[in-house]
Amino acid sequence: MNNQVERGNTMNGDLKIFSGTANRPLAEAIAKHAGVELGEVDIMKFSNENIKVAYKETVRGKDVYIIQPSCAPVNEGLMELLIMIDAAKQASAARITAVTPYYPYVRSDKKDEPRISISAKLVANLLKTAGADRVMAMNLHSPQIQGFFDQPCDHLLAGKVLCDAAEAMGTENGVVVAPDAGSAKHAGHYAKRLGLPLAILDKRRSDDSEKPSMENIIGEVKGKKAFIFDDEVASGGSLIEAAEVLVKNGASDIIAFCVHGVLSGNSKERIVNSAIQKLVITDTVYVPEEKKHDKLQIVSIAELFANAIMFTNSGRSISGLYSRF
Amino acid sequence: MNNQVERGNTMNGDLKIFSGTANRPLAEAIAKHAGVELGEVDIMKFSNENIKVAYKETVRGKDVYIIQPSCAPVNEGLMELLIMIDAAKQASAARITAVTPYYPYVRSDKKDEPRISISAKLVANLLKTAGADRVMAMNLHSPQIQGFFDQPCDHLLAGKVLCDAAEAMGTENGVVVAPDAGSAKHAGHYAKRLGLPLAILDKRRSDDSEKPSMENIIGEVKGKKAFIFDDEVASGGSLIEAAEVLVKNGASDIIAFCVHGVLSGNSKERIVNSAIQKLVITDTVYVPEEKKHDKLQIVSIAELFANAIMFTNSGRSISGLYSRF
Amino acid sequence: MNNQVERGNTMNGDLKIFSGTANRPLAEAIAKHAGVELGEVDIMKFSNENIKVAYKETVRGKDVYIIQPSCAPVNEGLMELLIMIDAAKQASAARITAVTPYYPYVRSDKKDEPRISISAKLVANLLKTAGADRVMAMNLHSPQIQGFFDQPCDHLLAGKVLCDAAEAMGTENGVVVAPDAGSAKHAGHYAKRLGLPLAILDKRRSDDSEKPSMENIIGEVKGKKAFIFDDEVASGGSLIEAAEVLVKNGASDIIAFCVHGVLSGNSKERIVNSAIQKLVITDTVYVPEEKKHDKLQIVSIAELFANAIMFTNSGRSISGLYSRF
Amino acid sequence: MNNQVERGNTMNGDLKIFSGTANRPLAEAIAKHAGVELGEVDIMKFSNENIKVAYKETVRGKDVYIIQPSCAPVNEGLMELLIMIDAAKQASAARITAVTPYYPYVRSDKKDEPRISISAKLVANLLKTAGADRVMAMNLHSPQIQGFFDQPCDHLLAGKVLCDAAEAMGTENGVVVAPDAGSAKHAGHYAKRLGLPLAILDKRRSDDSEKPSMENIIGEVKGKKAFIFDDEVASGGSLIEAAEVLVKNGASDIIAFCVHGVLSGNSKERIVNSAIQKLVITDTVYVPEEKKHDKLQIVSIAELFANAIMFTNSGRSISGLYSRF
Amino acid sequence: MNNQVERGNTMNGDLKIFSGTANRPLAEAIAKHAGVELGEVDIMKFSNENIKVAYKETVRGKDVYIIQPSCAPVNEGLMELLIMIDAAKQASAARITAVTPYYPYVRSDKKDEPRISISAKLVANLLKTAGADRVMAMNLHSPQIQGFFDQPCDHLLAGKVLCDAAEAMGTENGVVVAPDAGSAKHAGHYAKRLGLPLAILDKRRSDDSEKPSMENIIGEVKGKKAFIFDDEVASGGSLIEAAEVLVKNGASDIIAFCVHGVLSGNSKERIVNSAIQKLVITDTVYVPEEKKHDKLQIVSIAELFANAIMFTNSGRSISGLYSRF
Amino acid sequence: MNNQVERGNTMNGDLKIFSGTANRPLAEAIAKHAGVELGEVDIMKFSNENIKVAYKETVRGKDVYIIQPSCAPVNEGLMELLIMIDAAKQASAARITAVTPYYPYVRSDKKDEPRISISAKLVANLLKTAGADRVMAMNLHSPQIQGFFDQPCDHLLAGKVLCDAAEAMGTENGVVVAPDAGSAKHAGHYAKRLGLPLAILDKRRSDDSEKPSMENIIGEVKGKKAFIFDDEVASGGSLIEAAEVLVKNGASDIIAFCVHGVLSGNSKERIVNSAIQKLVITDTVYVPEEKKHDKLQIVSIAELFANAIMFTNSGRSISGLYSRF
């Protein structure tokens, strides 16, 4: 096994992990798990806002991983990533993997009105043009996004990490809740993994009245500990709505799990003041200290990414690392 | 307006519509609606099964549309389409549009197990390589598939055509039924358009037992005329299952609407013997005489495609042709 | 002639000019000179900072020009431009021209230290990938940048506009000053056009001492009206330094001309307090009201771009529009 | 030497050979000669005829060879090959070689009438698009086909294998016969290798009459053992015609050698009933049991392909493996 | 018809024909037949041998044809062609066609020894990279070369022009002679067109002796007027050999027809002193005055190319212009 | 370190250096410094001037470097290089580096008049199309040219080699002279490295008179040993002009240093008869014996290229090899 890793190393070049400025704590955690130091790179901005990237150590012939999830400021971070990839390519890196645990523009994945851009596809094309040989991402909004890439895209999933957190809280008398019908399939995976029943909130009207009747809940929540699962929390609006319905229907506890904690605007205040008792997110998106609060729990996907990177570097299959959700 | 069309024509070249062998009746109907004759092309097979395509009229500088939905034999039809595109390109067509009302491999749109192909993306790449400048398709299984194309892809929708058929049957006392939660959003569009309430069948278990409890129906179906809407009917299995549940729950009538009538295997017998009273499909897929029966009604999307082709040829916006579902 | 224009129009599609958010006043001025209304496009940002672009009128078969110079915030503006191009391509525009009067990352045009990106080239590649068929820019930092494009790049020059402004001030007893040896060639063109002598400031040491001796001035400035010409003013530092040397050497008046007025940081205060009497810039970069002051004069290149766009749309040569500097 | 192989292995990744469904016995024979097990891959067809390919073992970082000659059903096999390549690429194979001993559409290599496809070139483009880094084929119909590939194409030749078979039969009193003037050059190579004289059948008329005078035989065949060499036998028509002319001209024995045994339609009956005493083919094309008969002898090219694969994997020159015909 | 041409013109842009330095008389003849003046372009060489091309009139939006067959010095001419194409592309030509009546490196069309280049394919790729949208050539050495192009390639044939020349000499008592078996198929087309019998010279040995026995002549030549047809004459060696055999076999007259008159080295002397009475070539390759002699007759393919260019410009089919040989 | 090199070797393949015909002595020197034999390759020309390249040893899986600077005949040499690259690619080389110490068309790096080609960019595209994975060049005319490449381009600089030569002559009482303002920045690097003062010749007029007054010299040259530095000497005209001005201004000695010794036309005579006492060039361009003379000194950059090649082959950083000028 070790031998195989060694051989793979030789084939793909020595492993080098670099971090952009988007989420350096995550990058450091990944590098630590991978047993390497983060590579040294200078990233600065001129007075005209132009970004300059200069690697301070050789990348020639190396297997380079650039960690840069989509965090605020989003478009700055994306341009920085593209420039980092280009600089590594021009400096003769053997292979470059863009590691975007939270993939930029992941929700712009379809053309649901005329004359708009499917920007998640555009980003895939830009990454390829800049020189990314591979992409590594987590919980893409729709699984079809993998088809936006011509180069291989490793799609990691946070299911195991979130379930471990749920189990640590105790799942007895629990129920997994999908916040809307669209996420029912996904939530079902969590229910199965946790050995819990499933309930679905359905905001759509069941008759032709205009008002959505939020009373539609498939499955039983009364007196139960509700575990809501979703892929992303931005303003927190739909989570809080769901919590209200659950309360109205007699749920005893409400705990939410979201992979990507975008936490935009005044989401902190809204969540703190809501019926949600706990919001568990991962560290794909950087959360500054001022956004943290007692209800917020952050679990790390750093080890999972570290493993995926090490396996990819050494040419071992990473399918064993995948959970299915 | 006419003037604008005239100018457009000049820009894109004269309109030429050709048909592969997959669904010639549809191609003829489209051409008739477009007011042109189908172009002449010889398609034959050598004794070694190699397909040969020879256009019998000039395509030089023309705006060429090749009509070839995915019909049995599917892979033969796809290779034929690729060869037709290549031959038109080599013969100096000004622009080539692959018109695939039922898009090949449309359901292979994600990588839900390791080491498989996202073949709907592969097909998009093959069409581009062969020389297709554009693609025109109907009701793709997921809207993200549009992002598989680098070239423009016009995505037409059969909503209006199917709703017209439903209304012709009388929608009083009706309810729109989504056969599973995954298609609930889509069915909702039909419900809104028809002014009917929505019901959703939910095959997933509501507790942790292994057996799916089909009794989950959101909304009221008892004594109602149930209109099931789905994008495709192949073996007919899930439609029939849905019908059984509806019957058990007291629906008075059961009518199914599916855009693409693949109708594989012994689906005819199964549907004839089922509780479904009427199955309405479109003519995107060719239905041979022996597969037809009294319960089957075929409505045509030829005029819609003819309009899209004429508007594209003349450079007019086709967004007005789109329904939203 | 008119006839030829008409024909060209038909070939390239009707002219449509859209503006991003970077410099809408310039776009409006260009559209007005071109005799058309700016096209309608919605540009908004989600709470997660993702940009969304939706054209509100058809671009199918049109000859689309998107005006988006590099203005603060620079990287936001660049991503917005890429998304606008992509959306227009997916909406079947016949031809798309990225009009970037001040080209993004224009100074990152060489690899003068190891492992950096030639980002001006990267931007050229990104524009092409997004779908730009052509690029139109003004006074690129080095003329070699045109070679970064595979697609045609029209390179307009502000020489005539700036010289007109100089002449309006009276050029008697004047001298054209190059602020350093590197810009001497460029300044020579202005000197010739204005019929004025040339002087060059040379910051490099003439002996082997460490301190640059700014006293090196080739040519006579004493008692003369000094016209400094440069391509860009950002912080204003080098302009002000030059002014000080000129004052020390007895220049009677100091007037600066820079094509691109980036005017970053506290440049306003520095210039107001400097020996510079007048700073003439063009409107390639948007200057907000609070950055304006009495010493600042802005001349417009809108008509030049409008002509270049109209000529390109109609297929006429634009070489007559070029000045040589 | 061994050492060099080892190093090559490391560079290109471990060797993995997979078989499509076209000619599994050949793939097994090649794998055996190469000293490896065939890799495990599931290939199935949905009820809608869509092919699904799933590799059951990792290909990440491997040097993958996919064996899939063009056998009936030809177009199914080609699509299957394209999907296999795509799935391997998406699963991060280090290098993918399409091994098509009988290359698909090999005879469609020129545009000898207007508005047809040079489909052998189209297939080359499709293989590249799907992700093939290299192609390995045998006895292409014309040597120019190698120029259809942008990627390297190894062109193996069956000359040695067929000559060995001829020599095993005894070549005394033999003559090599080219069945038409077009194949005379090729047949000459066999004649030289076997140390036999050459004769050429010429079906073209020697005057302007319409009827081809088949009596034209260059060289002496009377009383001789005629060895006919051709690249492919499909319906067998031209071979049988040639045999008749040879009989008429007094040849004592007639033995035919064809690289690719397509054997379409009723070729079995025709050959059994013809003057041909023996038909020697290779196993590039799969021959089902029911097509075999006493006159048919199949010689294997498996070892040659196994060697080419091993040498390519280890980075050794394969030019020593080539015969010239 | 005229109307259609007019429309086509508009679509592809106005017709512009430019000439490189390889064969300006041919370009002038083509332009004259096309009813246009040759476009003005400066082509010069710096003292360091670098070629500079500057178009002296606008090509923006034009349909540009660059006439540059492969003439001595061959590699200079090819680089000049590539630079002309690039300059036209950068100057925004609407469409560029490389017109190479004698295609560069046409005989390097296969890999008949290890580790060589298929340079005819390389040239195809270089032309595409420089910016050629189309290629127009005459009598490619093998018809498969058309498959080397991804862009359309119009392949004109000199059959009619050469046959007209033959008929003007009187074809009574004539015989068409193929100089070797490889060109027999081609010569057959001429025989059919001229209504003459065919004879084939066969240089290959009919037994296993080493010496080629040139006495092999299929068909009757004694007392006849022999018309030899070949695609190219370079040193003239094989033509002269053929003539000697024909003389020995009693041919009364010997007239040779070759499409491309490369006429390298001392071919003039050799032909003048040979049994060949007349050598008819076309003007695809420029023949300087000093290479002309009484036996040499040059027929022009200028009108054929002019027609192909005009038809291509106006979007009409050119298949009617093709002869089959 | 050795270990690292060994590993790198394995990754990129064994090192192979081949020489075209442009400058074989340089290639031999490089190979010798790299400790390898030049690879064997046959390069010949057919009577029709077509170049043929055949590698006489395997390149499969090798890391191939092809040494071919731009020497007379320039265009022949460039085509030869393209064919060598293509042949190596088709023969399955692992990686191909075009080593062009003097890069072809290096001065055609901008579009300073309408409708010309930026041929240095075209050459970059042609090299990529032929199959070059990397390019290695020395002292490009402008540093922006690196941005013409999509693939990595290693840019070596001759500064150290030329300064060593200067120091060997004794630099006491010396002054570095830039022959015009455009090269002042570059010359400044030499001045700093040699610890000498800088002087600049300025051919531009200091007033508006037409005659350039060459008397403009920034810095002191009287009684000093003048070291002129430039990137290239072709006809020698501007060097000689500079020498005359220096003489007129009292320089005691005049020694010129130019990286690329193109030495075209009668430059030998002109330099021999000029005030220049010594002209130092490198061996990037081949200098035939008859062009050599007593004033000419050639210093070799072979070791620098050998090191760059060895480091690239073994995957070590080459930034340590760079001087900054």
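For clarity, chains are labelled A, B, C, D, E and F in written order, and residue numbers in each chain start from 1.
Assume contacts are C-beta pairs under 8 Å (C-beta built on N, C-alpha and C of every residue); 3 or more make two chains touch, one makes a residue touch a chain.
Because the structure is a prediction, the values reported are computed rather than measured.
Peer 1: According to the touch definition, list the chains common to the neighbour sets of chain B and chain C.
Peer 2: The common neighbours are A, E.
Peer 1: Superimpose the Cα trace of chain A on the Cα trace of chain E, which carries the same sequence, then give the rotation angle to the nearest 5°.
Peer 2: 180
Peer 1: So, what's the distance in Å between the C-alpha centres of chain D and chain C?
Peer 2: Distance between chain centres: 62 Å.
Peer 1: Could you put a whole-Å number on the gap between the CA centroids of chain B and chain E?
Peer 2: From the centre of chain B to the centre of chain E is 50 Å.
Peer 1: Return the distance between the CA-based centres of chain D and chain E, expressed in whole Å.
Peer 2: The answer is 34 Å.
Peer 1: Residues of chain C that contact two or more other chains, please.
Peer 2: 10-11, 58, 90-91, 111, 114-115, 118, 125, 317, 319, in rising order.
Peer 1: Please list, in label order, each pair of chains that touches.
Peer 2: Going through each pair of chains, those in contact are A-B, A-C, A-D, A-F, B-C, B-D, B-E, C-E, C-F, D-E, D-F, E-F.
Peer 1: Enumerate the contact residues on chain A facing chain D in the complex.
Peer 2: Touch list, chain A to chain D: 7-8, 10-12, 134, 152, 312, 315-319.
Peer 1: Touching chain C in the complex: which residues of chain E?
Peer 2: Going through chain E, the ones touching chain C are 10-11, 13, 58, 60-62, 89-92, 94.
Peer 1: Applying the document's contact rule, which stretches of chain C touch chain A when the two form their complex?
Peer 2: The touching residues are 46-56, 58-59, 72-76, 78-80, 82-84, 86-88, 90-91, 104-105, 107-108, 111, 113-119, 122, 125-126, 128-130, 234-235, 262, 264-265.
Peer 1: Once bound in the complex, which stretches of chain D touch chain E?
Peer 2: 109-112, 114-115, 118, 120-121, 125, 142-148, 150, 155, 181-182, 184-185, 188, 191, 195-200, 202, 204-208, 216, 218-220, 317, 319, 322
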